[in-house]
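A quick write-up on the structure given underneath.
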Amino acid sequence: MKQFTSVKDVSHLPALVKEALELKRHPYNYKYLGENKVLGLIFMNPSLRTRLSTQRAGMNLGMNVIVMDINKDGWKLETREGVIMDGDAAEHVKDAVGVMGQYCDIIGVRTFPTFENRAEDYAENVINQFIKYAGVPIISLESSTLHPLQSFADLLTITEYKKTIKPKVVLTWAPHPKSLPQAVPNSFAEWMSTAEDVDLVITHPEGYELDEKFTWNARIEYNQNKAFEGAEFIYAKNWSSYHQYGQILSKDRSWTVSADKMKLTNDAYFMHCLPVRRNVVVNDDVIDSPNSLIIKQAANRLWSAQTILKKMLEG
Amino acid sequence: MKQFTSVKDVSHLPALVKEALELKRHPYNYKYLGENKVLGLIFMNPSLRTRLSTQRAGMNLGMNVIVMDINKDGWKLETREGVIMDGDAAEHVKDAVGVMGQYCDIIGVRTFPTFENRAEDYAENVINQFIKYAGVPIISLESSTLHPLQSFADLLTITEYKKTIKPKVVLTWAPHPKSLPQAVPNSFAEWMSTAEDVDLVITHPEGYELDEKFTWNARIEYNQNKAFEGAEFIYAKNWSSYHQYGQILSKDRSWTVSADKMKLTNDAYFMHCLPVRRNVVVNDDVIDSPNSLIIKQAANRLWSAQTILKKMLEG
Amino acid sequence: MKQFTSVKDVSHLPALVKEALELKRHPYNYKYLGENKVLGLIFMNPSLRTRLSTQRAGMNLGMNVIVMDINKDGWKLETREGVIMDGDAAEHVKDAVGVMGQYCDIIGVRTFPTFENRAEDYAENVINQFIKYAGVPIISLESSTLHPLQSFADLLTITEYKKTIKPKVVLTWAPHPKSLPQAVPNSFAEWMSTAEDVDLVITHPEGYELDEKFTWNARIEYNQNKAFEGAEFIYAKNWSSYHQYGQILSKDRSWTVSADKMKLTNDAYFMHCLPVRRNVVVNDDVIDSPNSLIIKQAANRLWSAQTILKKMLEG
């Protein structure tokens, strides 16, 4: 595996899931793969789960890990081509990436959308320059529009906890005080759609429709209560509008996931990628209930990362 | 050992001291204990000695170490229960900690008092949430009110350098331009009182009395000169007032530890936990004298940390 | 080797070059040297290449590596002697360094000039306090006036790519929007002069003369076009004025390295230490041409660092 930025980089998803769950049972069986190898993790944005879980994943495989917060430890990078660089940016991303590839055997990179220009964000300019110039495998630690390690971990969690062959999984929009990327819902929709043995329903207020290229296999339901009926998994997440790009169209607290709403489901598990705003996105009594999978989901971030790193080390 | 936040977590202090001094002679004998184990160090505040010595301690035991400055690399954490999280904090500490515990085998955490509310600071809300939610052993890298790794290192140093069975040890307040926590003096008093073979005297201007629950075995002496008489160790430290919580009641430079004052002692060693304001807390000619133990004290931070980590790895 | 701050710390330069190129062919042959050893890297300034390459170098030698950004992770250090420390600085550099030396077997440190006082910057006060107080070998990761790991990597690159016994190497000043240190050109001049089998020419506008103690073996040529004639290597770099210390005397874009100017050379290779301002220091068509060595130069940073660390570990 040479790059991991989307479910499209996976050749056979069921086999990958099986491999991850096997690795979870025997975490240290492949330490020889990482001998004399260095994993470089480049953060352009804050991170907690991704930062810690990916470091641990590399360590479990015997790799040395280098972490760099490029905007704090380094300097601002230019991402445009052909520019006269007499402004703030001290280095072009292609030079920085070409250099990183000389010191690291695999590079993970995290970048966020600018929200200034949807076409540019959705072109994934930054991570694509990493792929083009690094000369080593690149793993997305969340890009402008996708968060594949999260979605892979989510799929592992659903695989472990599902009670039926093809469970109803509901991705529900929820309110939030800030404008958030669409990366997690885009990616979740893409992975669930590819997984096939999932009945995916997405519910949100009108105007919050995601890019259809990720939701091709999902049903959209604007009535949250109706969407929750018979659900086996409720996956809550806020996102800002795709069509009115980056805007907050609603802060309607009636969309907060409550214990009452959970009663409409088929005793559903509650999921969220974290960090979560308690009592805004979801109420304490739901997230702290025995049906809450949030910590188990986060724990699976380690195994999704370790599986992808293993496949990259294998060539 | 499941937690280390105070001398109260130590079952038999003389045995722990012996174990640490033995480890100092043979630092790499227990590298097998840390195989496939990860130590996570979470800093909410700046740190130099603790940061470096605890990393080295983990490495000496064969552990992989992950360091995270949560306020810079991550985001602001909510610490209150039941709050509607629509403000600055992006994640609740209990969710963050629950997640960290999935990736780390032992977690160290450093937090400082807010100085806003004494009762809250002395309730140790933050580190107690780590203990409650992490599911793995927690080691204090300094909390709101205590700094046990420092005090343990101080006790090692006194054990190594004492000339009498029960030396007179003087903890002296000294001036400082800023308002500092009481964690180091509280902790020093608690450890020296527990050690028993120490004759502890605390000297400070009136109004700087520490919480009596830490000083139960110490004599208080308001006359610094009198306190210094016959002392074998002078331990200097500034702290802000406990009773007029967080306030600076004095910047009196006559309390600065000088060569003249050291002449009142029994050729005492000089100690300070560092960082130290030279020529404010203590004069250059004292801290640079052959009787100064500051670097040896700092060196013992490695062995106090490594001993505690070893006991946690042992189960 | 006890310190590495200048080519003067190298006893026999041709042997060191040979050793580095041998290490490049067999990177992992000396992992036993670093067993139970810790490399501490202290940054007072941003860094990308140095940060990553020196970490990797230590890892290749089997060392554990600790990185600390002292101004962000720690606090401001006092560097003057005998000061009453009641201002911003919380710790004296000599105390901090003395402590670091207790936890690290080798320390690398990066510091920049203040540009406030040339005599002080050129006295290298900070790195000299590291050498004086650490008690362990010190490696410069760039100091106020020199960048020896960069120059060593540059010499390796020239050794690998030179087509004649004694190639003409041209160090050319180039424009830049900000005031930059003289460390890279000083160091490059010093190393090329010491290497002997290099014909060094330095070209720059009048007023940009470097300190003569570094350029004793170079010819100065104020006409850039004339300097380029017959050159086998063009090494571009901006620096601020040494004589009108720290000032920008020119932003003349006619000094930008262009494809037309490169035609004056003997099909010269293009070199730059990075980060580089594209289309200000050098045009895209030069830096992206097959004759550009910038990535290979950066790759050699790993081998210069690893060679020096190896010599320090050997004693």
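Chains here go by letter, A, B and C, matching the order in which they are written, and residues are numbered from 1 within each.
Rule of thumb we're sticking to: contacts are C-beta pairs under 8 Å (C-beta built on N, C-alpha and C of every residue); 3 or more make two chains touch, one makes a residue touch a chain.
The structure presented is a predicted model; accordingly, all values stated were derived computationally and were not measured.
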item: Chain-level touch network, classified as line, ring, star, complete or other; value: complete
item: Proportion of interface numbers common to chain A and chain C (over half same, under half different); value: different
item: Turn needed to bring chain A onto chain B - CA fit, degrees, nearest 5; value: 120
item: Separation of chain A from chain C, taking each centre as the mean of its C-alpha atoms, in whole Å; value: 39
item: Overlap residues in chain B, where contacts from two or more other chains coincide; value: 72
item: Residue ranges of chain A touching chain C (in the complex, touch as defined); value: 36, 38, 40, 64, 66, 68, 70, 72-75, 78, 82-87, 90-92, 95-96, 98-100, 102-104
item: Parts of chain B lying in touch with chain C, wherever the complex brings them together; value: 27-28, 43, 46-49, 51-53, 55-56, 59-60, 69, 72, 177, 274-280, 284, 287, 294-295, 298-299, 302
